[in-house]
């Protein structure tokens, strides 16, 4: 093709080559169309996102996997959340970040408290400050069991 | 017509009611006593107090004959003016050391005993009247509970209350004390937290010096006083070599580096020069301080960079929840590293900072690759390649058409 | 095969006035010749093909077509974005974030929409300047000028309303600033503020839905109408400027070359647009907080000049006088052809370079001043 486009007064093309040039132009242009269609259809395909804009529910896992007296740290953005199973029936979910210097708390199964590794702050199962410098109690989250699976509500 | 019996009953009831009302009305009068007639300003100030609210009367402290309006008669019979400062603590103790009276209020009864062990109490025992007695801090007539925000013993007002004497230059000079302690405290991180940020968790004067037994903590005790809040720090300090050495040499523990009243937030960069101040430039210890500083400094820089990157990614609407929570974790390790410095050993600090740093680096690496959008740029190159090819084909086609048009 | 195709065309042609539809569609910058809608579609096309076509050798002539293409891109990408956007203050930013983050090509479509709008406004501004220079406001082209300027105004409003939709801090405060500016202009300002939210200069739920409706329905409709009206002027009066300028045509059926030129132009435009979208992404920004003014947020770049004027005159002129001056200036600008001494004149030239340069200099000065104040 390169030698064809050198001068303005081009030699007459054979019908076959002319057809080819027409076909080539049409082909290139229609590929653009295919591209646009592809972009548009993939845009319109609803995203399979785990996070919806409305209230979010985090699946923590089967209840049987969390023994009584144990706790599990669930990560959600800036807030790690402790899901604690203090006894057979109940579940407690508390913010996992100390209200003092925002250190991530540890679960102490013996004392049944959430301890801060930074300044020895401690919180009880209701989120109240047991000791140490934390100025506020911990935020509580709604947690429930559906079909044997723990669901944590964060909104 | 009503039966007379009934009328009598009614009359009796009315009379009884009036009598009861009279008695009720007269109780406060007799309790309030007549003192206020001549001492109105004292009465007004007393009416604000917790003592008045709990129906303590003038005569319970001052004695005398409160029901009399005669000046002479009123001040007769065991009247105490309580103008002698030496008598005051003992007088307060008559009630406040009485277990049966204090039990209902759940108040301790050992304040007087403790007071006597304090520097103030010892001074008073030796006849010095300028030391603080109960009324200097709690007020004379207008005594309020410490938890009352307008009370002079409320945590936010303690420094002011102590400062009335301890900020008095002339007075402190006589006792050979530093008059700047209150001003120092107010400028400290503790004072600013309490007075400016309003955090009642921050210590006031009494948190370290004791309340009634006010005495400066001595060497060997300072770590216990500070450690009451800074537990981690104290634990690390006790593990390290400094504790034994410093107490043996009678160098006060925490305050030697942090000062006592004017404690400021301790920038980690101070460690750089601090070790050399005692151990000398070029000593092994100075090198250790330098290393610790470098560790923490580089880790915090890394964490700050990661945080900044998370913010950038959030602005670009990338998924940042997981990186955010990991940065928080790294910050936790960094916060833990600061108390660990007091063990004056490389290992614990290194462990914590290394964790913080590696988390931060991981987050940065992940976000950079997302923000960089290399795929999009490669796509753009391919796009332009195809675009230029299309233009080339179109131009060729146009030339062909043009030459045909001109030929025809 | 050919027979069948023509058969279909004829089948429709007997039932619909295809010529009219063809005329309508091609009037957006494809053909600049009038078509007789009573004629058969084949006849009409053949006639149009035979017309001598301007070859777009002179580059400024592409501006109108560029505007049409950009408007088309805006409509397509905007419709796509509307599939996911939720117009309430609580959900707006989250839904835009969903588009950017979770939807395939979401970021791409969003950026194309943004940069398309900026290019559209830039093209229209250049076009109005060209009209001034070439005199496309003299008799009989008064209406073409008015439609052209109004189109620019409509696009300003589209961009303004569109910027507010994500409800980010920058968007929020930029809109508040723009509303303040609009509010200072007498009649027009109070009408606009009333329409936009009952005289409030803050963005509420009510305001946002009005912005949204303006952005996706009313303003695009106005833009399409104005472009159509403008190009009907071109059809009736021909493409060249007043009389004396020679018509640049080439002999023979050049329609295919013309269409190819348009395809090349479209391709180049697409390349520029996609490159801008990929290389200079417009950030989403933090969520809006009405209690936290985002520093350094001024009105959009094309409104900096009136903003700068208001700021410049603020120390010695009351706001309403400044607003009145702005309003009168703009009205005079729109009605330029009807101002004495502007419509007449045999020369094909418009304003002299000196006057245009002076106007531009004032505009650029005020823009820079406005940018520095903001």
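Per-chain residue numbering starts at 1, and chain names A, B and C are given in the order in which the chains are listed.
The rule is short, and it goes like this: a contact is a pair of C-beta atoms (placed from the backbone, for glycine too) under 8 Å apart; a residue touches a chain by one contact, two chains touch by 3 or more.
Note that the structure is predicted; figures quoted are calculated from it, not measured.
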> Taking each chain's centre as the average of its Cα atoms, which chain lies closest to the overall Cα centroid?
Replying inline: A
> Between B-C and A-B, which chain pair is linked by more C-beta pairs in contact?
Replying inline: A-B
> Measuring from the mean C-alpha position of subunit A to the mean C-alpha position of subunit B, what distance in angstrom results?
Replying inline: 39
> How big is the gap, in whole Å, between where the Cα atoms of subunit B centre and where those of subunit C centre?
Replying inline: 61
> subunit C: which residues touch two or more other chains?
Replying inline: 101, 108, 263, 267
>> If I count partner chains per residue in subunit A, which residues reach a count of at least 2?
In response: 29, 32
> Where does subunit B touch two or more other chains at once, residue-wise?
Replying inline: 390, 394-395, 397, 402
> Contact residues on subunit B for subunit C in the complex?
Replying inline: 314-319, 373, 376-377, 379-380, 383-384, 387, 390-391, 394-395, 397-398, 401-402, 405-406, 408
> Which residues of subunit A touch subunit C in their complex?
Replying inline: 29, 32, 39-40, 42-45, 47-49, 53
> Which residues, counting only subunit A, touch subunit B once they are in their complex?
Replying inline: 1, 4-5, 8-10, 13, 18, 21-22, 24-25, 28-29, 31-32, 75-80, 97, 101-104, 117-120, 132-135
>> Help me check something: in the complex, which residues belonging to subunit C touch subunit A?
In response: 76, 80, 83, 86, 91, 94-95, 98, 101-106, 108-109, 263, 267
> Which of the residues in subunit C end up touching subunit B in this complex?
Replying inline: 96-97, 100-101, 107-108, 250-254, 256-257, 260-261, 263-264, 267-268, 270-271, 274-275, 278-279, 281, 283-286
